[in-house]
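The two complexes that follow have chain A in common; it is paired with chain B in the first and with chain C in the second.
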Partner chain A sequence: MTNRESLKAGFFQECEDLLETMSDSLARVELDAADHDAVNALFRAVHSIKGGAGAFGLDALVTFSHAFENLLDDIREDRVAARGEVMQLLYRAGDRMHDLVESEQNEQDPTQWQQQDGEHAALLDAISEACARTGHDDTGSEQAAEEGFVPMPLAIEMPGLPALDAPADDDSSGGHDGDDRWRITFKPLKSLYVLGNDPLPLIRALSTLCPLDVKADLSGLPPLGEMTWDEAYLSWEITPGDDCSAEEIREIFEFVVDDCVLELDRGNAQTPDRPSEKENPSEQIQASPATEALVVQAPGDAATSRGVRGASGQQAPRQSIRVDLDRVDRLINLVGELVISEAMLSQSLSEGGKFRDPAVEGALGQLKQLASELQERIMAIRAQSVKSLFQRMSRIVREAGHATGKEVRLVTDGEATEVDKTVIERLADPLTHMLRNAIDHGIETPETRRVAGKSPQGMVRMTAGHRSGQVIMEIADDGGGIDCDAVLSRAIERGLVSPEASLTTQEIYNLLFEPGFSTAQNVSNLSGRGVGMDVVRSEIQSLGGRVSIDSTLGQGTTVTISLPLTLAVVEGMLVEVAGETLVVPSSALRETMRAEAGMIHRLGPCDLVLSMRGTLIPVFDLGASIGERKMPLDINGMPVLMVETAAGMMIALTVDRILGQREVVIKGLSENYGLVRGIAAATVLGDGRIALIVDVDQLAQNAGIALEDSAARLTA
Partner chain B sequence: MTLKILAVDDSFTMRGLLEQALHEAGFDVDLAEDGQHGLERLPESDPDVVITDINMPRLDGFGFIEAVRADRKHRGLPILVLTTESAETLKDRARKAGATGWIVKPFDEEKLVAAIRRVAAREI
Partner chain C sequence: MQDASVLEEPNQREIVSFRVADQDFCIDIGHVREIRGWSETTPLPHTPEYVKGLVNLRGNVIPVIDLAHRLGLGHTDPGERHVIVITVCEERIAGLLVEAVSDIVTVDCAEMKHPPSLTSSAAREVVEGVFVIRESLVRMIDLARVLPSEAEVSE
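And then the complex of A and B:
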């Protein structure tokens, strides 16, 4: 990668942060249109994107961000209020910025789809219209941005001579002899020095253009005793060589035209430069007297405290490097091994009785702490806040609301919650689908809501948080809720349940996750995209998570997703079965108990159920389920793990012994052994032994098949 | 002795571009991430020329320049403003704050060096 390419890659990475700041600030502006900090942050983000885009020649992005910036400038200066339509416009502009950055990054030609996409032009028009209402003059700065710099015209009166800013004339006359050469009289005012300019580098810069003849005019120098240190006394007469154009000379003095008397003349004509003399030099020097220091400090401090008070994205920019995910994963794996060998070491030492040595014990304790901290920190590298995910979702809500003609507001909470990067990436689709569902099927039309006595604007609340070692995400709408009767009759119609079945409300909700179920009477173009809630559930499950629905008719629906914090470590119950150690993931575990004679009921020759709090729960032996032994006939007194499958079904697993609960590092098996039904993965225990991690859902599926078999036998 | 430039910009990309361009032109470069950071870097950096962005968090370019000029030691320090904004309005504000000159983004290396050449007291 060349330097420039890597800078460009860095730019796109920075864009991600800036776009995030942008979305963040947009939300804050929506909450409070007078939040100047937020508007400023928004402006800066767009401005920075524009700056970088300009540097890499991404013209479409420059043009759009420039228009966006103009509108933001109007808002910043209180010429336009960020409310109603303008707010919508800001959001749309923000979305378009995302699109533009993305297509530039993928090196698609954005102009191509812009031409086809009338929306883009319409959006640009809408933005400039919003600005135009305030009489924002766009043309000047547009030119400045695109041409790099608008030169200051010097109004020089040159009776009988060609105008200074007519370069053609300069060039044609440039070839003439000595008399036609420019003569420059340059008398700095003291403000020139105050602003950090210096005649020497200016003259030196001029000398790089052409040979010079320079004479210092010392006549202004007063006697030494009358000299004031900060007064400007000197002036220069400069005669450049003949190949120097007025344009070039003017550019050299660009920074100082207001701080000097600059006379450019050719031959004998005097052409005094316009503004200098009129200006009162004492006015200029006010820029830096010491008394200003206090005044200066104040805004600086204010800006700092604002930055601290404001939300993220206001502090000094974060720096980051790009690391290949593979490398991080290898590191995670290694640290996992380290944790395991630490456990092995500690176990063999304690068995060898060496723990009595305080030095060994102390060192080991330290090693343990370091190893676990190392593990935590490395896991944190993979963790990202769900903020970016939430921000993407706010766009989905806007678009879905627009498509269905419903007014919907997205409220988010817990954006700082960190989740494994892979989980975040794979959550985008399921969340999108669930949100679309919530808006399409959940939120009612404004009229219906009004009739029901609700605010016409629907609300979808998305929250994320950590709860007991899991990440919990909720999508709650305040819509019509789920009509159980409708769901049930639909399911019967589809043959998913028998008409006689009596189902609990929860079981009815779970029908929504069945493949082939769609409650929408007519599949709209929004949520009916071939992805059903069944796909949502299987995607969540493949992440080791689970999803459930709760709803109140007329008041709304809440979908809850719980996910493991990381995909690399799982918390589980260590159990012993037929001499093997197995791990049952805690996420599925509901309770543990001991089987008592009174609870056990025999069902046919070899099937058992446990009666618990009025329900019958099928019993399986974990050892039998994985083929280690036959189902024990007498389970009285055996420990039982009550586990819940993702489908919401409870099953009881009997084991020989419960060893305890702990976190284990997941070691995939599928690479070496392919898919093993009932086994999710393996882990290495402290003593170096391998333990298999049980896949509860697959066990239940296997068991379900066995259950049907024996039911068939019974009826036969 | 090569010239030392302190470049102040909140954009990671812009800092990278400046650093590259200035290095290629043979300058020593110090970087700061915003005005506040720039003020903190200034004593140690002791640059010949400062280049600063305007729109920055914490302390913007104007505030930064004013604060630099407020220190007697830095009265004559050339400060170039780096901006995409219209030169007209910017020039007035930057001048009031005490800027020496300006560079318009996107800059090319030649213009950047020319601007530095016009303000740097030491020969380059």
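And then the complex of A and C:
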């Protein structure tokens, strides 16, 4: 039972990849309806899900993917064009596949909501309507294949096994008879396996040259009882789709040429029932006693066909392994410790005066370089491209456009940008909010757009990229933009700002992030309940990032998110306060300076402000803020850090000494202790001691009401 | 507070005893991860006074509790002779600042007596029971109660 469970878990993992391929291919088909490769890839993805679903008895998924597959088959055979409504239908079907897989994975009964949900039935109807021919050949063999992997000879059609029939279909549609193609017979000998080689990577490598048609020959397999465990029984018959040279093929098999029988044949169509061809191969690389007929009369062995499909299904498969996230995190922790130990070592060596020895110095420098490179590489393991996130978002855009009756196109850029996995997971909700906002509030209705002289179809551009050590994501719409006056009057109405206050445009935009703020005239299903942007901001902030808005009235709005590359290290300014070392994150730091008598002003009995370039900035002592000491009475000559809170407010923090800027490894406090006010985390310094990392926003909040009062007095 | 050592031998458990403010205390050996010498701590703001601060244990950040202070026996001025007992309790790792570790003893659970009610309130809060070992009184500490609760931390 547990074995089955783990197989099922494996199936769902595979589904994730297949669904991603599906979304990818859908986008490609939309761009070019005649893209046969994309349609084929789409078909194969759906087909593979169906196959797996059949094996686990997930009937709802099988039924739906079967209908989907029929439609795709018609598209593949050019009976239906993937344009307009059919394209929309494909997208909806794709979304439904996602839902079905998800509900099966969560072990919800999909039939339950299907019955209530008329949409599902309607979708199925729409799909079957779109199919050109009504009666798809649901023959007995198809049924059997769906109900389980029933062994059967390959000589008859086997739709249940994707690898074997899908590429074959490519050939027939491409009108390729294989006249001048190579036919490769590849039979690994025992020694190939003994030397640690594996046929699969070879076939994969071959598939990077050209599309392949791969058939596994299982005829050499003796009955189970007579099998020798380390003997090689399998061979493969490979037909490259395009003409590729014998040199190229041989190059791939170069390293195993002594451990296999490799035959290159040319000019014969591959028909399994003509073993005679093999008796006069035009080119034989190595003669071997095992040259006797390799007849492709395979029983439907699921495992083999699946393995081969992995090789031939994708054009350039990148090899990857699945690793438990825990293991990676443990590795990251260990490397963090290594980096700290290295720093401790060099510090104690330099204190001991041993640094004068060039050999020690050289070795230490190398160690340092290795450690930091190791750290970088290991952090990169956790990084993932934002592609999957973008794919999810394209669905959000479709649905939001549908719900609001607006035509919206999503353009994405920078899908390959890599971000920490945790960041990706936690970005999904904020991005969803932001996209819905852009479509609901930003993009106008088609009529309004026409009047304004814009194309009736609105556009949302989502981009990601690395810029100066940060990940920058932008969501830009070409909608109506933000009406500052409307925002301001709304804020005054809600009592968020006083009517007399004069705010800069940026300050007005920032009001949108206030809890309970919404300017939408009509509260729609999508957004406008005022639970959006403040959640977005707090989520981004908890990831150590920032959000900002820029907008041009009538032309659109751009929301920019900047995020740290990793959650494991932070760039910070090391400062000394009351004998302790503290770290102020550089992301909040704007500038450092020394307080001079002329710029310090007293406001009330104990509040201080600095006047700088015409603005007044409230001053706090960092030591006092974390309760280490009282606010110094005279701050003249003290170093000052100008920090900006996420809300966009500047505050000045006085410290005793600035020690320098450094990247520090973040060590959470919550695992062993708990959350501490004003402190984001801790880090271990080069001497092994611990320094606290300051949470600037919380400090500003702690400083609290007094601050707000003085700020109000300043702006008034 | 159930441990493997208790389960294997239902009546016997091994304890680590140590001295705090001239009194003997102990905890179950299952909770002790290691014992190390005193090193300077980094003070934590906004925490109860008995939280001495943070130390670095091979890259892990661990809070250290001044056990004497926690028990209401006056605060410790730690020097080189003091030790930190690194403990694990409900997956949280914490250090207990004590004067010295005395012994590892096997005791009979049935011999544990409930503390008399006349002890000070701070001590009664964290002392689970007492053993009499070689004519001296050894107080068993309920480790879970020594650490500040989540509520106390975030207050």
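As a working rule, the second predicted complex is superposed on the first by the 471 of 716 C-alpha atoms of A that agree within 3 Å, B and C clash if a C-alpha of one lies under 4 Å from a C-alpha of the other, contacts with A are read in each partner's own complex, and residues count from 1 in each chain.
In this text, contacts are C-beta pairs under 8 Å (C-beta built on N, C-alpha and C of every residue); 3 or more make two chains touch, one makes a residue touch a chain.
Because the structure is a prediction, the values reported are computed rather than measured.
Novice: Would you sort A:N333 into first (chain B), second (chain C), both or neither based on which partner it touches?
Specialist: second
Novice: So, does A:K50 touch the first partner chain B, the second partner chain C, both, or neither?
Specialist: Touch partner of A:K50: chain B, not chain C.
Novice: What is the contact status of A:E580 with respect to chain B (first) and chain C (second): first, second, both, or neither?
Specialist: second
Novice: Look at A:F11 in the shared chain and tell me whether it touches chain B only, chain C only, both, or neither; answer first, second, both or neither.
Specialist: After superposing on A, A:F11 lies in contact with chain B but is clear of chain C.
Novice: Check whether A:V655 is in contact with chain B, with chain C, with both or with neither, and answer first, second, both or neither.
Specialist: After superposition on chain A, A:V655 lies in contact with neither partner.
Novice: State whether A:L488 touches chain B only (first), chain C only (second), both chains, or neither.
Specialist: A:L488 contacts neither chain B nor chain C.
Novice: By residue count, is chain A touched more by chain B or by chain C?
Specialist: B
Novice: Does chain B (first) or chain C (second) touch A:G674, or do both, or does neither?
Specialist: In the superposition, A:G674 contacts chain C only.
Novice: After superposition on the shared chain, which partner residues are touched by A:E628: those of chain B (first), chain C (second), both, or neither?
Specialist: A:E628 sits against chain C, while chain B stays out of touch.
Novice: When the two structures are overlaid on chain A, which partner does A:C244 contact: first (chain B), second (chain C), both, or neither?
Specialist: Neither partner.
Novice: Overlap the chain B and chain C contact sets on chain A and report the shared residues.
Specialist: After superposing on chain A, no chain A residue contacts both chain B and chain C.
Novice: Looking at the complex, which residues from chain A come into contact with chain B?
Specialist: 3-4, 7, 10-11, 13-14, 41, 43-44, 47-48, 50-52, 54-55, 57, 140-141, 144-145, 148-150, 152, 193-198, 200-202, 204-205, 208, 251-252, 254-255, 258, 287-288, 290, 292-293, 296-297, 299-300, 303-304, 307, 314-317, 319
Novice: Quick check: in the complex, which residue numbers of chain C touch chain A?
Specialist: Of all residues in chain C, those touching chain A are 40-47, 53-56, 58-63, 91-94, 148, 150, 153-154.
Novice: In the complex formed with chain A, which residues of chain B make contact?
Specialist: The touching residues are 10-14, 16-17, 20, 33-37, 55-60, 63, 66-67, 69-72, 75-79, 84-88, 91, 95-102, 104-107, 111, 114-115, 117-121, 123.
Novice: Which of the residues in chain A end up touching chain C in this complex?
Specialist: Counting only chain A, the residues touching chain C are 333, 336-337, 340, 580, 626-628, 667-669, 671-679, 682, 684, 688-692.
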